[in-house]
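One chain, chain A, links the two complexes that follow: it is found with chain B in the first and with chain C in the second.
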Partner chain A sequence: MKRLLKKEELNRLLLGLMKEYDVIAPIDEEGLILFRPVTKVEQVLWDYPNSLKPVKEFFLPPREVLFQFKRGKVQPANLSLKKRVIWGVRPCDARSLLLLDKVFLDSTQDVYYREKRKSTLLVGLSCNHPEKSCFCTSFASGPHHKEGMDLLIADLEEGIFLLESNSPEGEQLLKGRGKEVNKIDEKIRTKIKEKTERKIERKLKPSQFLERLTNGFDSSYWEKASRQCISCGICRYLCPTCHCFDIADEEGERVRFWDGCSFRNFTKMTSGENPRFGKRERFKQWYYHKFGYFKENHGVFLCVGCGRCLRNCPVKIDFSEVLQQLPAQAQTPAREG
Partner chain B sequence: MLEQLRKKAKELLKNKEVEVIIGYQKSNNNSFTTPCFIESEDGVDRLTWDEHCVYNLSLYLKEVKGKVGIVAKGCDVKSIVALMQENQIDRDRIKIIALECQAQVDQEGQILEKCRTCQVHIPGMYDELVRSKTSPSKIESKESDKEYSVLEELEAKSTPERWQFWQRQFEKCIRCYACRQVCPLCYCSECISEKTAPQWILPSPSLKGNTTWNIVRAFHLAGRCIDCGECERVCPVNIPLRRLNKKMEKEIQTMFNYVPGLDSKKKPPLVDFRVDDPQEFIR
Partner chain C sequence: MENIYLPHSAIVKEIISETADIKTFRLTFEDERLQKSFTYLAGQFVEFSVYGVGEAPFCLASSPTRPGQIECTIKKMGKVTQAIHDLEVGDQVGIRGPYGNGFPLKELRGKNLVLVGGGIGLAPLRSLIQNVLDKRDEYGDVLIIYGAKSTEELVYQKELEEWENSPRVKMVLTVDPGGEDQKWQGEIGFVPTILEKVNPSPDNRMLITCGPPIMIRYVLLGATGEMGYRPQQIITTLEMKMKCGLGKCGRCNIGRVYICKDGPVFTYQQLKDLGNEF
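The block that comes next holds the complex of A and B.
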């Protein structure tokens, strides 16, 4: 179902949702753009570059209590959650959840993740102003894709919005609102979509990655490519598809929290043995997981092209360049730097 | 300046005085500056120098083995001095190509806070010095440009207010450890945050663990931090870490009349003992 809404009507829709659901939307929090619970329509950002943290934080939280324990008694975590709406999700982030589903829902179901997924509606906002670091079109996505969402809002500019449902729940939200979409509206929408897609300059050829990675596993290239990396966790933590975690007991709570393959301790075993201690190996793992192993296991790349890794890297490592420059043949001498 | 920098770098590589030079380069699309490692004479043309060379490259000295040349600003040289004081680097294997630096700017083009009070536009220690040909364009000085003016706002607060301020800041921490990883002085082979038996610091990003982590790190840097400000620059959630470190710096200066990173022969106060050391803080 498609409907055309004016800004005031859209605000009314949001206001209505706030009465019925817990609404999470992008806001400016002391200079950081973050998705946070909101109670007022005025708080919500409409035209924003992508949020610092991806929406994965509401499905795989940075820290999550799995259960509590005290003197031998175990108190399971309360998994029931009020129905919630994440409003203003960008297409890249919506797609990332479909990739995370493959990990947390496809075979063994992770109940903590599943319950959050089940009780959340995704209302997306298409993207008209991509950043220089964006490259969603290289990864089966695009600034106006509705994949993974219940409802997508496309900003036709001049205060008019085209809303398109993508699930029965989304259709329910649209019922009786706005007016019908005619051919001219559709045309405007396509024009804006195409214009935005053209703005995305960064174009990758992921089809080449798998073969190159297979050939390049032992390449000296990785030594040089990883040199400037400082092994922090920023790219891993801010990535919408990175999903590795650690589990620890903290004062009567068993908690699950984000962890990343860039850290030395990530692969450290109880015996003290650490199979991936070196920086080069840790650096490489990220690329192999996203563009090698995940592709082999699930048929897709573990990347949605949101560009957060690029924007937030302390030493400006351009991950797309790292992949593009990976020699096609293992014996090809590596480029310096 | 750039021409001279490249010339000196080329000479060092040509005469085999160094095997690699750590410097700055422009990214392929020329839109930003990144660290680089140059191993051949032809590579020196990649070296760049401008007000976007924010990185403190001395971070990489612990990783790069053998004879190494490093392009360094005044503040970066201070951390090299601090590392020498702590016997972390062998001065004989390092050639410092020092650059006269007026100021560095952030991504919005604003002069970095640390540069406003910089005392080392010309680095204090070097093997080669590249001076600026143009007369130094003086940074327009402000009333607030005194060394510790950045602390005034916080110092004016009461203790509970200060605590509240920092709790709010630490709450944001995502424990990405970029502050630790970018810090030249954070070179422990095993960080206290990585220890699990006993677990000194709760590993998950909770307010409690975050507070411990950030305060422990500040304590570990007391009298050692040379204020390169890299931790604050890289923090993805904008925790004003420089204020924390600057406060420790001020305390150390007041108590021991010591400023880190200036004299490689001097012993840092926390590894030294004198009978007349102040003891007011032990009660």
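The block that comes next holds the complex of A and C.
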């Protein structure tokens, strides 16, 4: 279902949602754009570059109690959650959840993740002003894609919005609102969409990745590419699809935390053995997991082209360039295997 | 649906001191129904919890052919294993699993076997050995080559004798040079060296090995060298940093596989196909 809404009508829709759901939306928090629980329509940003952090924290929190234990009795964490809406999620981030689903909702379902997914509606906002660091169109996505969303809002500018449902729940939200969409509106929408897509200058060639990665495992290229990296892990933490974690016991509870392959301890065994001790190996793992192994196992790349890794890298590593520059031919090994 | 991270409560029924820093723990689930229905394959592992300290993966050292026996042999190495070693009979722990693929028994049936173990690496092999001995007719000759740094560091000492006296089983025990004592009647030398010396023919045989990484490396090289084993004939079980046991947390990912989910048992051929990270 598609409907055309004016700004006031859209505000009314959001206000209505706030009455029924917990609403999480992008706000400006001391200059940082972040998704936060909101209670007032005025707090919510309408035109914003993508948030600093992706929405994965609402499904896989940085720190999450799995269960508590008291004198040997295990008490599972309360999984029930009030119905919530994430408002204003960008197409790249909505798509990232479909990729995380492949990990957490496979044959061994992760109930913590599943319950959060089940209780959340995604109302997205298409992207009219992509950044220089964006490259979503290289990964089967785009600034106006509705994949993974319940409802997509396209800003037709001049205070008019085209809303398109993508699930029965989304359709329910749209019912009886605004007016019908005509051919002219559709044309405007297509024009805006195409204009935005043209603004995305980074164009990667993912079809080459798998072969080049396979050939280049021992390439000296990785030595060069990883040289600047300081293994801070921000690319992993801010990536909407990075999902590696650790589990540890704290006082009375078992907790899981975000972790990442850039850290040496990630693969360090108690025996002292560490298959990825060196920075080069840890740097490389990220590329091999996302663009090699995940593709081989699930048929898609574990990347949505949001560009957060390269926007936020403190030493300005251009992650998409590292991929683009992958040598076509295997280079001499940097060290003895 | 089941919460995959919740351990089941188990009680320590028996603790056997194997060496100065290795103990075997026999466990029973508190839930009687679970105790009866719990099944696993030789080569699989469990996540063992000491609440308040943490959780770590250990292979099941017992055999599914002996129902009711759930045993882990654990070396004191770090925080969790220290807490496990501090356990007493009657203490409660958490167990979840079993996880992993286990040994490919179908492919081992009807074949001669050589099991090559080093140190605590005998634990997963013990599960297989017990399994094979309990179904003796289904397998060919069994050769066990087992070594440790010194005579005091050999595990399952009583059981080693039992195995030796089983039909169609040959045992070769060894200790590293300098690890022998005056009573020692076995071999003296590193496990890969002794394997080459015994030189079991690769005809209709599978070689299964587990031990320290350096030992495994030389066993693989030696066996596929002059001994003439094909990589498909060699099976090893890998140790890796594992946490969730379900292919989610990411840390045991090497190549396209997760050791916890797709392994920990692999043929040498499979490892070769995975690339150079091993």
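Note that in this section the second predicted complex is superposed on the first by the 331 of 337 C-alpha atoms of A that agree within 3 Å, B and C clash if a C-alpha of one lies under 4 Å from a C-alpha of the other, contacts with A are read in each partner's own complex, and residues count from 1 in each chain.
Here is the rule we go by: contacts are C-beta pairs under 8 Å (C-beta built on N, C-alpha and C of every residue); 3 or more make two chains touch, one makes a residue touch a chain.
Predicted, not measured: the structure shown is a model, and the values here were computed from it.
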item: Superposed partners chain B and chain C on chain A - clash or fit; value: fit
item: Partner chain in contact with A:227 - chain B first, chain C second, else both or neither; value: first
item: Touched partner set for A:140, first chain B, second chain C, both or neither; value: neither
item: Partner chain(s) touched by A:300 [first = chain B, second = chain C, both, neither]; value: neither
item: First (chain B), second (chain C), both or neither touched by A:45; value: neither
item: Touched partner set for A:103, first chain B, second chain C, both or neither; value: second
item: Touching partner for A:66 - first (chain B), second (chain C), both, neither; value: second
item: Which of chain B and chain C A:188 touches, first, second, both or neither; value: neither
item: Chain B versus chain C as contact partner of A:271, first or second or both or neither; value: second
item: Partner chain(s) touched by A:33 [first = chain B, second = chain C, both, neither]; value: neither
item: Overlay on shared chain A, then closest C-alpha pair between chain B and chain C (Å); value: 6
item: Touching both chain C and chain B, counted on chain A across the two superposed complexes; value: 246, 248, 251, 337
item: In the complex, chain C residues that touch chain A; value: 1, 3-7, 9, 49, 51-56, 77-78, 80-81, 92, 94, 212-213, 239-241, 243-244, 246-256, 275-278
item: Touching residues on chain A, where the partner in the complex is chain C; value: 66-67, 69, 72, 74, 76, 103-104, 106, 108-112, 217-218, 243-249, 251-252, 254, 256, 259, 261, 266-271, 273, 275-276, 281, 285, 289, 292-293, 296-297, 337
item: Chain B-touching residues of chain A, taken from the complex the two chains share; value: 30-32, 52-53, 62-63, 132, 224, 227-228, 230-234, 236-238, 246, 248, 250-251, 255, 257-258, 263-265, 279, 312, 314-318, 321, 336-337
item: Residues on chain B engaged by chain A in the complex (per definition of touch); value: 25, 27-28, 31-40, 43, 46, 55, 59-60, 63, 172, 174-178, 180-182, 194, 199, 202-206, 209, 230, 233-234, 236-238
